[in-house]
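Residue numbering begins at 1 within each chain, and the chains themselves are lettered A, B, C and D in the order written.
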Amino acid sequence: MNFASDNAGPAHPNVIEALSRANEAHVAGYGADELTARVRHRIRHLFEAPEAAVELVATGTAANSLALATLCQPFQTVFCSTTGHIHEDECNAPEFYTGGAKLTLVPGGDKMDAGALRDTIAAEESRGVHGPMRGPVSITQITERGNLYALDEIRALTDVAREYGLPVHLDGARFSNAVVALGCSPAEMTWKAGVDVAVFGGTKNGLMGVEAVIFFDPKAHREFEYRRKRGGHLFSKFRYLAAQMDAYLDADLWHRLAGEANARCAELARGLEGVATLRNRPQGNMIFADMPARAHKALKAAGAEYYLWEGDLEAAGDEDMLTARLVCDWSVSTEDVARFCEIARSA
Amino acid sequence: MNFASDNAGPAHPNVIEALSRANEAHVAGYGADELTARVRHRIRHLFEAPEAAVELVATGTAANSLALATLCQPFQTVFCSTTGHIHEDECNAPEFYTGGAKLTLVPGGDKMDAGALRDTIAAEESRGVHGPMRGPVSITQITERGNLYALDEIRALTDVAREYGLPVHLDGARFSNAVVALGCSPAEMTWKAGVDVAVFGGTKNGLMGVEAVIFFDPKAHREFEYRRKRGGHLFSKFRYLAAQMDAYLDADLWHRLAGEANARCAELARGLEGVATLRNRPQGNMIFADMPARAHKALKAAGAEYYLWEGDLEAAGDEDMLTARLVCDWSVSTEDVARFCEIARSA
Amino acid sequence: MNFASDNAGPAHPNVIEALSRANEAHVAGYGADELTARVRHRIRHLFEAPEAAVELVATGTAANSLALATLCQPFQTVFCSTTGHIHEDECNAPEFYTGGAKLTLVPGGDKMDAGALRDTIAAEESRGVHGPMRGPVSITQITERGNLYALDEIRALTDVAREYGLPVHLDGARFSNAVVALGCSPAEMTWKAGVDVAVFGGTKNGLMGVEAVIFFDPKAHREFEYRRKRGGHLFSKFRYLAAQMDAYLDADLWHRLAGEANARCAELARGLEGVATLRNRPQGNMIFADMPARAHKALKAAGAEYYLWEGDLEAAGDEDMLTARLVCDWSVSTEDVARFCEIARSA
Amino acid sequence: MNFASDNAGPAHPNVIEALSRANEAHVAGYGADELTARVRHRIRHLFEAPEAAVELVATGTAANSLALATLCQPFQTVFCSTTGHIHEDECNAPEFYTGGAKLTLVPGGDKMDAGALRDTIAAEESRGVHGPMRGPVSITQITERGNLYALDEIRALTDVAREYGLPVHLDGARFSNAVVALGCSPAEMTWKAGVDVAVFGGTKNGLMGVEAVIFFDPKAHREFEYRRKRGGHLFSKFRYLAAQMDAYLDADLWHRLAGEANARCAELARGLEGVATLRNRPQGNMIFADMPARAHKALKAAGAEYYLWEGDLEAAGDEDMLTARLVCDWSVSTEDVARFCEIARSA
């Protein structure tokens, strides 16, 4: 019973098999091999973007920071949510890769609101060179609190960006979970909705560690390649990134695994009805559930792993409510979900 | 017949098997898993350095740049060879990770000479704050031109660094090839010779992509962890780095594979006697061989892959000498070496 | 009638005279001259800090950013107010000089509250290396909204910093105005209150452009010198910075000029009673006054210069309230203040 | 008798008078004043470049580094001489301002040779993204060793840059000395010779501290303004920079002062004939003279100030030759020169 994170589960067996298959003979390094070329082609096809530039890196932080660095000058600022992964969870990586740009947090909830974004952008640069120049807008889909932007919500944000001539970055660490939840295509959630650069994440969805960065306008591609190299993110044995992504694309594994994760999360939410109060309805593979301490204690005693988001279990009385973050990765079983809910309910 | 690079060959099958074994169940992310702890312990043991801090990253550029960033302030300079990988082949990554430090090239050959190093260090800082402050000394073992420092040569360099109170970094992308060639222990080539931070490379020697960074004085460890995260080099599914390194340590795979590579290189050198003039005697797994154009043409026609280091094969007459860089990775076979030499000789 | 900014007025004539006097003969460059040594000594004396390291730079942004860079690692975060000059008005200079550190804004008003600071610091680093490491606390005295920290308020903030082992920077662009307003000594407002590095500003108070940076613990001094040089802020003809500061110290010019500015601001506040609503009581040399549009129009028509902080004069009806930022520099005359108030009242 | 540096002498009295005149009333800050506008216009006129963007900063390091930062991406490299001020004397400021670009030193003498520049540029980028991308060419006129590029030599260098599509920066700390020595116009030495961005230095030639940066193609102007602000180099009381430059332009003060300095240097060279061997003929205001230790001792005893470039006077025998760097600033008198030569000759 592990709901700790979507990086706690194993990679899908197909991924290991793909690595094994790719592990034959000598091939050119640094992404000059045929498998990488093929994977690039397949992603362009999947995104209905024949002109797009596609590159692979091994971590989400690298994907986001390198993408932002090509969109944002050091004297600019990135507009993002107060809970954006790029703000909260990357230890200043965007500041590092952009050469010292700022992140301007758009006030409001976890999801950026188009009106709040417009106000924030409008306020910036009112002081000329004293404040930073306006830079890209960064959207996290699905958010770090498990919330999903509808397509028209993404469009509303990119429309605001477009008003000010600003590019849009989509942090898609949970890209596939969002596509499944929205029942849309990758293209619909990205360039058709006004996104300029998207991260198509694999690490949280069954790969060992690969993210694709997709530039719908390929002109920043060369710069990205140089920045990736100087960031130490150009793998010499590139085939092992490509092989993972190839397996991910085969028979829509990316879509299937996200579908499993989302489905487990929905089951979990249903199973916790009556015992937990959810802070958000399940929209992807992550919920935040307020449960009484006795439920937490029973679950922890039974070996359940998850992140206690708020509250101090040691200090809490049995009826005190504490918040669990519960994340389902593709490998969580229906049985584990059922058992988790059963224990919580029994407590 | 591929002698293009030690990153062109496959990973050793044990490595894929280790990944497969590690791909079970849920485990803690970001290096908090048991396998990672075990690997750290094993490396400390291998290096006879129970206090050392050990971290893993996926690329050599990350390993070197992150290590240097903990040793070098932005207003300092790194002393290295004119052919150092950190200077020639990392697209300003050390400058990036250190926040804009300089690299001061020690004149002379591919291997730094202790006297030249002392003169270079002495000359720096003669202008007070107008030039950079002196920073770390970085040694590449084996060098990018295939040359090996003897233990007393390393000691002579670290003694000079010590005179000036400067720390020493060892870029060990080909660490194992050097240990095999010197017939010494990892400890003898590092802390016993005065090295403060060493990179124990795996990527060029049969892993998919893992390098260990070893701080013999662990006080910089915490800083390294933050810098790794903000560089985007902290893998969430860390077990897959650890598993590779674990396989590398099992039954001294690292030593055996380097031994194979070095042995093939020695065979290659012997086999080319009479047809090629070697610029360096084989000291690890890389030689630079001057051969007539007709030999190159015959080899290329037969499908041999290697890097034409100097010369223009299109423009060359049959007897013109052109330089091949020939690298043997662990997977090169004795048969391939023999065939390569045979073709060169026949031409 | 110019209340636009304390950088709009002229330098005090003594400053020009001091430049003229210093403009004799050849002297050593880069701060190695006797006048600079004397000025350093005088500042140490003024601050009752015989061990302090004292350096001069020409702008406030340089002073703050260089000071913060010596206190803050690139993977750390600076804690400051939402209205801190370092956040709002330096175009990412702290991010630039620190090599990409973050600024964490302490929620609440313009003045940081000790409780809010503690909560903010406590929350940071709860995610290990995923968020930045805690770095320095930066206090702006007097704030960008004209508010003054009492000595015990500064002490409360530095006590919180001390709890967490964090250093404290004081941005003293309006240092002298604060000392006058508090009726305290420079030492009482700095090291006696727990400040580690203070900026003693001159530019906003009658100099052409000089700020002193004072390290009460001098160990960061050498680093500061290198960072200043690489920031392009080491003046070769350093005597002209020193001469200005020398004049500033003579007969407590710094104190007298700030006293004049504060007194004019108090007169202005009194004179606007009945016609304007002040957002803050006058605590230094800056107030924010809500006045009806007709008053603004009359003032602008009469040639008064000031910053319309909030509101759109073109669009406003006569009775609409708009906010003026009114800053008195040392050179503003009692007559100008009276005339300004008279016009506002008559409107 | 001070030949230590062109920053050791005083500012010209006209400069102090100009400051005094500018020190009246309130004016807009940050370069929005009329005097600054006028100075920009005058420089455009002087350079016959009506479209150029002109900005002022207070130090040469700021001027060079900010200019280079607008021309050079962090993943690029700057081509410059082994003795370039930007390499030797700015403590990594170009690396800092560009965000970690490299400086590639063109082998050869103090003056870059067009052939050597072409070879160096051609060699760079041969390794794709492994080495840095090619960036701007930076020329120091007059060089740090006192050597002057002829107009056709500058043109030859800029032609090479043009071949590769690279922009050209001219470090003109001693711009005026060069124009006087060449008998050319500012336009002829800059845009007419293929220079894209020039620094028109004032600090070493009679100002307190002002350098103009001139972008002949103004499109980088806005970026420069942001970068200047975030570097802390935007003066709030900008009029004091403008006033100095205004005085510099009046009646060609810049040309007259450089003429004086160059003339003194020529007199010095002539006066030392027989007693010193010059390493370079006087081409501007700086020579390097080998003189016997006894001459040095007599000069030092008589209070002469200059930089002993090579040699150890303490350890030297009377006839040992040691090198003096002798710099004439505009304020050095014919009498001082004569006395210096007389003492040297008598020794």
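Observations on the structure shown:
We adopt the following convention: a contact is a pair of C-beta atoms (placed from the backbone, for glycine too) under 8 Å apart; a residue touches a chain by one contact, two chains touch by 3 or more.
On a predicted model such as this, the values are computed, not experimentally measured, just so you know.
A count of C-beta contacts for the chain pairs C-D and A-C puts C-D on top. Chain centres here are C-alpha means, and the one lying farthest from chain A is D. With each centre defined as the average position of its C-alpha atoms, the distance from chain B to chain C rounds to 51 Å. Chain C and chain D have Cα centroids separated by 34 Å.
Separating the CA-averaged centres of chain A and chain C is a span of 41 Å. Looking at chain B, residues 30, 74-75, 90-92, 96, 99-100, 129-130, 132, 226, 229-230, 234 sit in touch with two or more other chains. Within the complex formed with chain A, the residues of chain B that make contact are 2, 4-5, 7-11, 13, 16, 19-20, 23-30, 57-63, 65-66, 90-93, 96-97, 203-204, 208-209, 226, 229-237, 240, 305, 329, 331. In the complex of the two chains, the chain D residues touching chain A come out as 30, 73-75, 99-100, 129-130, 132-133, 223, 225-230, 234.
Residues of chain B touching chain D in their complex: 74-75, 77, 88-92, 95-96, 98-103, 127, 129-132.
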